[in-house]
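Here is the structure we will look at, set down as structure tokens.
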Amino acid sequence: MQKRNATAAVIGAGDYIGSEIAKKFASEGFTVFAGRRQGEKLAPLVKEIEDTGGSVVARGLDARNEEDITKFLQEADAYAPLEVCIFNIGANVNYPILATTERVFRKVWEMACYSGFLAGREAARLMLPRKQGAIFFTGATASLRGGSGYAAFASAKFGLRAVAQAMARELGPQNIHVAHLVIDSGVDTAWVRERREQMWGKEALDNPDLLMPPASVAESYWQLYQQPRSAWSSEMEIRPFGEKW
Amino acid sequence: MQKRNATAAVIGAGDYIGSEIAKKFASEGFTVFAGRRQGEKLAPLVKEIEDTGGSVVARGLDARNEEDITKFLQEADAYAPLEVCIFNIGANVNYPILATTERVFRKVWEMACYSGFLAGREAARLMLPRKQGAIFFTGATASLRGGSGYAAFASAKFGLRAVAQAMARELGPQNIHVAHLVIDSGVDTAWVRERREQMWGKEALDNPDLLMPPASVAESYWQLYQQPRSAWSSEMEIRPFGEKW
Amino acid sequence: MQKRNATAAVIGAGDYIGSEIAKKFASEGFTVFAGRRQGEKLAPLVKEIEDTGGSVVARGLDARNEEDITKFLQEADAYAPLEVCIFNIGANVNYPILATTERVFRKVWEMACYSGFLAGREAARLMLPRKQGAIFFTGATASLRGGSGYAAFASAKFGLRAVAQAMARELGPQNIHVAHLVIDSGVDTAWVRERREQMWGKEALDNPDLLMPPASVAESYWQLYQQPRSAWSSEMEIRPFGEKW
Amino acid sequence: MQKRNATAAVIGAGDYIGSEIAKKFASEGFTVFAGRRQGEKLAPLVKEIEDTGGSVVARGLDARNEEDITKFLQEADAYAPLEVCIFNIGANVNYPILATTERVFRKVWEMACYSGFLAGREAARLMLPRKQGAIFFTGATASLRGGSGYAAFASAKFGLRAVAQAMARELGPQNIHVAHLVIDSGVDTAWVRERREQMWGKEALDNPDLLMPPASVAESYWQLYQQPRSAWSSEMEIRPFGEKW
């Protein structure tokens, strides 16, 4: 692996998608700055990346805290130029409208939208002087469709998508690639498998072609990163081949 | 005018669109509950409605405050069954991404999205036992498009649209009509006229066909209200005939 | 009923939606020109309209024939100024892609798209000198979504929607209202009921709230026609309140 | 270059995008079957591919002719399994609605939509028995937006997009990747440069960042081809970084 003099920040480096993104960009020579709420949970990821010769810095991080985000990205940029920033925090909840408390509505927004705005803005601040960089946001079906019970989650995801669009339009001509990746299917995680089994029985898991492997999301981000600036996508929608939509 | 035993709440009864909505529904026999931040500014509206024989109750109201919203709607519903609730608070701002403070981002969201969620939810709570009612939200071009400089505003408007969609899907089968009205043009207000003149000169105002008259927005809401439940629109997009889009 | 010195052309005046549109506009005082492939099938519609004091002219018409369409609309306009033209021809078919013959693909397009273009263009030609008129097109779920098996039907409906958009943008500033009405549900016809019963059994018909009554479509067109030009919709989506979407 | 036992068909192998796609897939080891109306114009492309060690078969082809398309794809598949089929025929015209003849409307549809349906269907017929393949369609801004003057072109492009969607939904679970690439900008061709210069003067060409290089379109197709089936895009939108949208 050839090391690059560049960092890639992954905000929301959870056990599935976030970890795979971190591993992918580390394997491509980036020093990855991986942040998640409980920094100690990053130990296995750090080990896995370092075992394969990659470079990674793990940080505990409350992405809803402007100061935290700012410091995290500044630290990355001080280490080596911040070239990629991927925001990957979700907060998928489903409640009937009357059961959606103001606390839930606010918290989901803070996690899935507000913190994405902070991350995007601070990444842009570091990238703009160099006129170089990529800022990517993870979206979901709920980014495009407010399904029943999804007032809180869809509202936050719609809002994040708007941030991505506004930034893409403003920053594109400054050579900063802003994109929003819509994962239009369930992702293959322990939690999703459990929920599907509860809802539809064990058969629901028989078809592995219906869940998005986290590593495939990481590949999609790598594709976006590799696009020449003469043909950027500002939004990319992916789903497994067996998905009905 | 034949009075109805029904109330229509207008949240965000500002000088233009909100006032026209209030006047329209009052003229159709509803007792209108009109709320806006500074209740004292409602005096001219109250006078105008009462002078034409309509009924209106004016209240100062911080729509971002759960308790305020709840009390306001409960008071309306205690007066007569709440049949219509229209959320009409905007917060149109435009800043480059780096100049968008976290305070602006949060405040715009609280005004244009969070308070809409609160209003919609509390209206639904009052309407559901009767399985009857209409909940409408005012949208804008920025509900569908995150333009450059609109990270805060578009994010809030996208988020509000998601709330409307989720509520429409959940509440439609309960006979509650939830709809989102997209005003895809500038609205004819003193502020918009001033801004256009500053940007493009006096000629920008020569063509009156390019600005949406507030009373036409009120008419559109009246159309939505009149739709038979066998043919409801969940979203309606309006623009003046001269608008380019 | 007060008669108007104006005609409304209904192209595709079939037994359900088209007939209801014809009756609605006739009841509002228009002289309706009703056209469908087999003109003799229009007899009951003519009787029903005339029995209630309305005016109607029935014509057999191959809408795919430029000359036929042109003559039909010219005849209407010669009778009284053509103020409304509603294109309402569908051709709903579903075939696996390999079973979609070139003949089917072409014929569905000719019926549902090409003839709509001809009708819209010729109506515009008659309306433009007076700078007055409304041209409406009937759309469907397949106007927005290419579902499995709908290559032919969705392709034609997508294409018709594009015609409506292009015409709306060009003709709006000339005071001609062009709109596209998306019926996002099944319509309550004998054929749809039969198909649903075959697919899902008799229970599928138990819930009358899931099918769009043809008369409600007519009401929606009437709403579009009544919009002030300061607040035109170019697209309106309707569905019954019980519909899941 | 390692040769593959596979063919890639390019239908509409014109001087710009089509040629670049052909060169890209040839450079990746495919034997490219390149078809365009006037087969003799393919000579330079054949020379260029062969000079770099690639394999290409050039054929004159009227893509609107079912028999022609069928033979062309069968010949490719007989040579080596048809793994990729890219439909790339456009027909960009702009006329006011009254000046859009039925001949233009029909011809644009035959070129840009009907022939795409034929190509997609026949490619699917050859790929389905092997449950393997990729079918891609070139779209444009007019695939998503019916602009003023674009009744014919947008109608055809909308229609082609519907074909792509219906095929993607039906064939995805059969392991055939169907995708639609939206080029949301002008493409850098002699014709586009000339038109821009006429409309806006020489300065319109000063900014090379606003036109899509044909080779970048080819790269985007290559990206789509490389997507793992666990994360397929059914639509991808690209534009140059300097584009306003």
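Lettered A, B, C and D in written order, each chain numbered from 1.
In this text, contacts are C-beta pairs under 8 Å (C-beta built on N, C-alpha and C of every residue); 3 or more make two chains touch, one makes a residue touch a chain.
Source: prediction; values computed, not measured.
Visitor: Considering only chains that satisfy the touch condition with chain B, which of them also satisfy it with chain D?
Guide: Expected: A, C.
Visitor: Looking at C-alpha means, what's the farthest chain from chain B?
Guide: Taking each chain's C-alpha mean as its centre, the farthest from chain B is D.
Visitor: Across the interfaces A-D and C-D, which one involves more C-beta pairs in contact?
Guide: Answer to which pair has more contacts is C-D.
Visitor: If you list every residue number at the chain A and chain B contact, are more than half found on both copies (same) or fewer than half (different)?
Guide: same
Visitor: Compute the rotation angle for the C-alpha superposition of chain A onto chain C, expressed as a multiple of 5 degrees.
Guide: With C-alpha atoms aligned, the rotation comes to 180 degrees.
Visitor: Measure off the straight-line distance from the CA centroid of chain A to the CA centroid of chain C, and report it in whole Å.
Guide: Result: the chain centres lie 45 Å from each other.
Visitor: In whole angstrom, how far does the Cα centroid of chain C sit from the Cα centroid of chain D?
Guide: 33
Visitor: Please list all residues of chain D that touch 2 or more other chains.
Guide: Those would be 169.
Visitor: Name the shape of the chain contact graph, picking from line, ring, star, complete and other.
Guide: ring
Visitor: Could you run through all the chain pairs that touch each other?
Guide: Contact pairs between chains: A-B, A-D, B-C, C-D.
Visitor: For a test of understanding, state which residues of chain D touch chain C in their complex under the given definition.
Guide: 66, 96-98, 100, 102, 105-106, 109, 113-114, 117-118, 120-121, 124-125, 128, 142, 145-152, 154-171
Visitor: What does chain C use to touch chain B in their complex?
Guide: So the residues of chain C in touch with chain B come to 169, 172-173, 175, 177, 209, 212-213, 216-217, 219-220, 223, 226-245.
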